[in-house]
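Following this line, the structures themselves.
Here come two complexes built around subunit A, the first alongside subunit B, the second alongside subunit C.
Take a look at the complex of A and B:
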């Protein structure tokens, strides 16, 4: 076997094995009606794909996750640049930020639902709450890791503080920001689904809740599979984007002297 | 690279405020760069750490002055004071009589760590343009400055490459080209050739001499290499440690133009390097 196709072959083998185990467990009825067989789920999923409601839920989930991710990225980078650059801002905010960092979005979900209701805004708020702080923290780390020689170079050529921030500090922080976004993208998807599942926000989470409430287990697992695939897509897309933006960074360089 | 290419790199026009000064300012009586009783310490009170005790020396227009001294003597601190990156604790440094309080517009700095001072996310050409953006020059002039600066260091072919795709010596030439594109009147270099191999080092030293000759630039080089200092300089400022103070300013009387093999084999070269070396080696 060629080495180049070996990873692919093993991946396929792994997926097939997982599906076979699922099928066997379901046929053996280890979980009774709660675990329908793989073949039933995929057949059900195929028919679901023809429904307009499925596509609109999918679109809501993707839309909310992406919009919240974009908001978190813009706000997180701006806040991170400020916190990282100015000592006074850092001391004023760091205690609050460190306090909020370990609070998972699910903890404030009841509050969000109470104030905003089962709405798009509620979902957006929860996702931003979950994604913003890690992006801020990584940006702060990135800003502080800017090479002092690069800063001195820019200053010695008479570049202003704002210009240095935009043209030297921000690009140096990009590897950190890239990592934060790669972690945040799948997390945004997860929180969007949780907001739908537990908070009633629109999207696939809500569809999963409805399928569960109706005892439609085949439909439920079909949606879970769709979510899994969506997660892979998000992860892949951020990886490709990161590779393109950070092509100059040591970890992505293709030409080494 | 031809001399004609170099000739296109004329120094940038002096600022109007300087043009109004009487012509006598540029005479030998007024030094371009004047360092008077400069001192620098970090911290304050009892815990103050004195890096520079009391430095006094001058650099005349069009001169190459090398600063040598034992490592850790505070040479880099001195350059940062001259470049306006750190304020001096006492005394003063001035250009044409004006005290340096921030990065002077007529000065460019070349750091030892080219791989830290060049931006890895920018191509060579964009690295050259980065410090020029705030000057708001027309696009045609930006291009012309980049082309002539790259030609001057023999890197016309490398404009679209990234610094990390080039060898160490080439990267330091990019850093020098960036300084040239800025069209400074005073060029300050901090151990510029310490991180390259010996052959590249000779080439870069000659490049430095060529820059002075062709652009009539005033150049201050910090180095720990005594041979390099004597080879390059019109005068060598020998520093003693610590805290740093001027031991002696040695006038170098070697003929110009200098050439790596013939200059370095002159008896006079040996005599001058011995003089500098014995100053540094002498127990404090």
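Take a look at the complex of A and C:
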């Protein structure tokens, strides 16, 4: 066996083994009806793929996650530039940001559901709440790390404050912002699902809740598999996007031998 | 110079106080059912959590959180080591790990409910499984990024496999492992709340959601406040632990930067 094939072969072997174990456990009925067999789940999933309701749930999950991500990115970068540029603003917000940062959006979910109801707005609000702060804090770090020599050089070339911000500070903060967005994109998907599952917002989270409540275990497992693939897709897509947008930056440049 | 420092410190400490005062004053006569006066919220906070439901709910929640996190930490480092050191294992489990990591951790809760019911086992198991992956992946990355020079030195000194793992690889990987543990802790906290909100009757999350559904807004706010404070404190405590354990690393980084 060629060495380059070996990892791939073992990966396939690993996946097949996991599926076989699953099938055997389900056939042995270790958990009664609660653990459907792999074949049942995939057959059920295949028939679900033909339903319009599945695709509209999938579309609203992706739509909410992306829209909220875009909103948090724009607001987060603007706030981050503002906070990072003025020392007094940074000190004023430090304690509040540090307190709010480790508080996940699920904590304020009851409040959001109470005020906004099980709506798209509720989901959007929760996702923005979850994604905004990390983007703000990374942008602030990025602004802080701007090379003072580059800033002074720009000033001595007669650039105004606005121009320096747009052409020196923002580009040098870009890798930080890129990292923040790469972390925020999968998180946006997770929060969208949480908002649906616990708050009744539209999307796949709600479908999971309904499947669980109705005892449709095959449907439940199928939806979780779809979410796993969707999560992989989000992670992969953001990594590619980050490389593309930041290809000029030294930490992303490819070394040509 | 001193003046600027003093001013910044004052601004930093003053803003939160100012915000809380503003909340207190603006909500003082509030009749809005969604936003009760802060005074009412604090009174309910004291009545609920100090200490009527402390043992029955707060301690239960925290116990599940720490048990689940401890299991995840031990298993994550253990499986991570095995995965990093044995290529065959790595090739076999890599795609599965990435797939499982892609699943939102909270979506695993309904599966655990259907498998083992609504009890404490379900909550601990969901927390442990969801929190496993960040630690495990960080352990694999940490061990695999240990420099070859270090391993060569270990080989020259004829360290045994065991010594190499315990005295060279694991210490060198601790900074990354601790970053993974911190993410795991945050995930564990989220799943703790989610597992209580999904059809359980015990725990802070359950009480908060129940209060919301029965329109007892002050109770709901008290729950949100407590969860926020716990989330913050747990993170701070972990930060202190990390600082202690990694003091050698932080010191060496500072030296390297000064040089």
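Basically, the second predicted complex is superposed on the first by the 240 of 257 C-alpha atoms of A that agree within 3 Å, B and C clash if a C-alpha of one lies under 4 Å from a C-alpha of the other, contacts with A are read in each partner's own complex, and residues count from 1 in each chain.
Throughout what follows, a residue touches a chain if its C-beta (ideal position, glycine included) is under 8 Å from a C-beta of that chain, and two chains touch if they have at least 3 such contacts.
Because the structure is a prediction, the values reported are computed rather than measured.
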| item | value |
| --- | --- |
| Subunit A as common anchor, with subunit B and subunit C clashing or fitting | fit |
| First (subunit B), second (subunit C), both or neither touched by A:210 | neither |
| Touching partner for A:220 - first (subunit B), second (subunit C), both, neither | second |
| Partner chain in contact with A:154 - subunit B first, subunit C second, else both or neither | first |
| First (subunit B), second (subunit C), both or neither touched by A:229 | second |
| Which superposed partner A:40 touches (first subunit B, second subunit C, both, neither) | neither |
| Touching partner for A:85 - first (subunit B), second (subunit C), both, neither | neither |
| Touched partner set for A:163, first subunit B, second subunit C, both or neither | first |
| If touched residues of subunit A are counted for subunit B and for subunit C, the larger one | C |
| Cα-centre angle that subunit B and subunit C span when viewed from subunit A, reported as a multiple of 10 degrees | 100 |
| Superposed arrangement (fit on chain A Cα atoms) - minimum subunit B/subunit C Cα distance in Å | 7 |
| Subunit A residues touching subunit C - in the complex, by the definition given at the top | 6-11, 13-15, 17-18, 31, 34-35, 87-88, 91-96, 99, 101-104, 106-111, 113-115, 186, 189-190, 193-194, 197-198, 205, 208-209, 211-212, 215, 217, 220-221, 223-224, 227-232, 234-235 |
| Contact set on subunit B toward subunit A in their complex | 80, 83-85, 103, 105, 107-109, 111, 113, 116-117, 119-121, 130-131, 133-134, 162, 164-167, 182 |
| Residue ranges of subunit C touching subunit A (in the complex, touch as defined) | 7-9, 11-16, 19, 34, 87-88, 91-96, 98-111, 113-115, 186, 189-190, 193-194, 197-198, 208-209, 211-212, 215, 217, 220-221, 223-224, 227-228, 231-232, 234-235 |
| Complex interface listing, subunit A residues touching subunit B | 147, 149-150, 152-160, 163, 167-168, 171, 174, 248-249, 253, 255, 257 |
